[in-house]
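The letters A, B and C name the chains in turn, as written, and every chain counts its residues from 1.
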Amino acid sequence: MEESTSSFHENLEDEEEEEFVTPDVVMKRMCESWQNELASPCLLPSKMELVEILLDQIQGMEENIGRQSDKVQLRISVHRMELQRVSYMTSDYIRCRLQKIESNPRYYLNEHNRRIEEGQTELLSELELKFATEYAEAEAQLFGKTVLGFMPHALQKMPVPVDDLNVEMVYARVLEDDVGNVSIPDWTDPNSEVIIELEKDTVHLIPFTSIRHLVEEGKMILL
Amino acid sequence: MNAEKCEFLAANQQIEIIPRISEKVVHLISGDVGPFEAGIPTKIPVWMALMLKRKHHCHIVPPGWLAIEELKKILISESDNLGLSHLPDMFFELSHMLVKEASDNIFEVDQVKSLIQDIYDKREAKLRTSAITFLSQNETCHAQLDGVQPIEVASSRATLEACKQMAILIRNKHQSTPI
Amino acid sequence: MTERENGGIADKALQLVLEMKRNPDILPPYNAELVRSCLHKIDELYKLNADIVAEMRAGKQNDYSLLQPRIVAMYHIRRCLCAYINARKDRIRSFRWKYGGALPSSIRNALCEAEIEFFNEYSSTLARFQGSLGDNGVNLLLHVEPPKSLFVQVRALENYGDFETSDGTLVVLMKDSLHSLPRQDCEMLIRQGILEIAN
């Protein structure tokens, strides 16, 4: 059975990534990104490029299976099962992100722009940005046509829920050596902080904002 | 993360099987598996092992720790140790799947099951006590839980919600106390 | 009339929110009448305040004591109205994931026009997004549960009739008939209550 993995390089060249990334590495990263997104109290920077690579792989594999004439049943079922698993993980990742975007589109659009201005990695992929913009507009129309549009001008502004990430706690495991220290708030004194050392393989119950950057850098994983 | 998703993740782990069939290498997206030669042990992902097992194409070799003597050791260390002992990765997820789908490949499976349940209960009790201790103080917003298993985290989501409520109370207290 | 219904508009605004809270599993019909009277009340309060402010500017003596309570009341009513629309919006969104782009008429009848527009807009926004993923698009309504096996045993709960699976096999789904179907083929039918997992 001809099972090509050719499309990886093309996809990654777009991202100007230099390292050679094999499909199994993409799968591993996707798995981690999925886990992080599920456990994170807010939307994390987009890893939709991994999804796109895997969708490409799925398509290639489906075509291969379709071309298979002598139906070696066992091999085909194994491939099908893997396709189901990859499809589930990618779809669930996308759904999880859409749900978060839909829960507060204006907030995430602002965050996305703020991150770009500050030179950080992008929060939304191009498609997600388009989705968020269109969804925010649909929501604004709904509120406008039902209630807000009939109120005095001063009351017409669309409400944006404020989620205070400072009170969110997470479970997270340290993935690398030399991650160093992080500071957490000192509950006994609002003006001071406590330093926590993060050793490899240790697991922490810790305020999300203290370790968010480490999750984004792939040095910790949320549980 | 919930129990089903934890199992889904655990099914990516590698496990040893003894194939009953011979088959060329299979090029999966997640890496190559095989070749398979009847009677020759090889390592493959758990999800695939379960699939082959259902079709009677292989015998699953349970991980070394999934045996009565090893589990007894773990149970003893769990009793001696105040904190959580270190378990193999995805201990509960893997044992659950294997006990359910490959019981005929596990020696004295009923006793194995009850030992795993005992280990789970011991750990759960510890986790519950430590959650209560943590939630009864108001000095630190950090706890270290090395060795906690994914399924244990999944079943203690309520603790996270309680922590959040506590953080809100502490913040309100600080905001209302003149410095 | 109950005591609550005798209460002021502020209480009635709260009723909108309670209506949603008390019916977590269904979508109650859009309460256009109550929404309208709430909006009317906001308008009325706003005008009363505007008159006082205008007189104040003109230097006339007036009683300012009601200015602040009226503002609070306006914002309270506004908050209830927004919470009402928001709660309904969340439920309307969930229908898209259950039924796809076509709403059953029973649900459609419970929506106001702007809500139907929202559903259609959301539906097509989602469809455009899904369609742009990868080369062939992705149906996000599928692959909802972690897969354990390729085929699932299902039982038909109603006489659905002919159903073609992705590999081209034709099956007839009759009430209580049992089938072994590819997982992804029957996910939608399970969610809509036409099939159930048997075993």
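Note that in this section a residue touches a chain if its C-beta (ideal position, glycine included) is under 8 Å from a C-beta of that chain, and two chains touch if they have at least 3 such contacts.
By chain, UniProt protein names: A = DNA replication complex GINS protein SLD5; B = DNA replication complex GINS protein PSF2; C = DNA replication complex GINS protein PSF1.
All values derive from a computational prediction rather than experimental measurement.
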If chain centres are mean C-alpha positions, then the most distant from subunit B is chain C
Weigh A-C against B-C on C-beta contact pairs and write down the one with more.
-> A-C
Give, as an integer number of Å, the spacing between the C-alpha centres of subunit C and subunit A.
-> 26
Centroid spacing, where centroids are CA-atom means, of subunit B and subunit C in whole angstrom = 38
When you check subunit C against every other chain, which residues touch at least two of them?
-> 145-146, 149
Touching two or more other chains, which residues of subunit A qualify?
-> 58, 77, 81, 85, 88
Do you know which subunit B residues sit against two or more other chains?
-> 5, 8, 51
As the complex stands, subunit C meets subunit A at residues 35, 39, 42-43, 46, 74-75, 78, 81-82, 84-85, 89, 93, 112-115, 117-118, 121-122, 125-126, 128-129, 132-136, 138, 140, 142-147, 149-150, 183-184
Contact footprint of subunit C on subunit B as seen in their complex = 4-5, 7-8, 51, 54
Where on subunit A is subunit B touching in the complex?
-> 1, 3, 5, 23-24, 27, 31, 35, 38-39, 54, 57-58, 61, 74-75, 77-79, 81-82, 85-86, 88-89, 164, 166-171, 184-185, 187-188, 190-191, 194, 196, 201-207, 223
As the complex stands, subunit A meets subunit C at residues 51-52, 55-56, 58-59, 77, 80-81, 84-85, 87-88, 90-92, 94-95, 98, 102, 127-128, 130-131, 134-135, 138-139, 141-143, 145-148, 150-152, 155, 159
In the complex, the residues of subunit C that touch subunit B are 145-146, 149
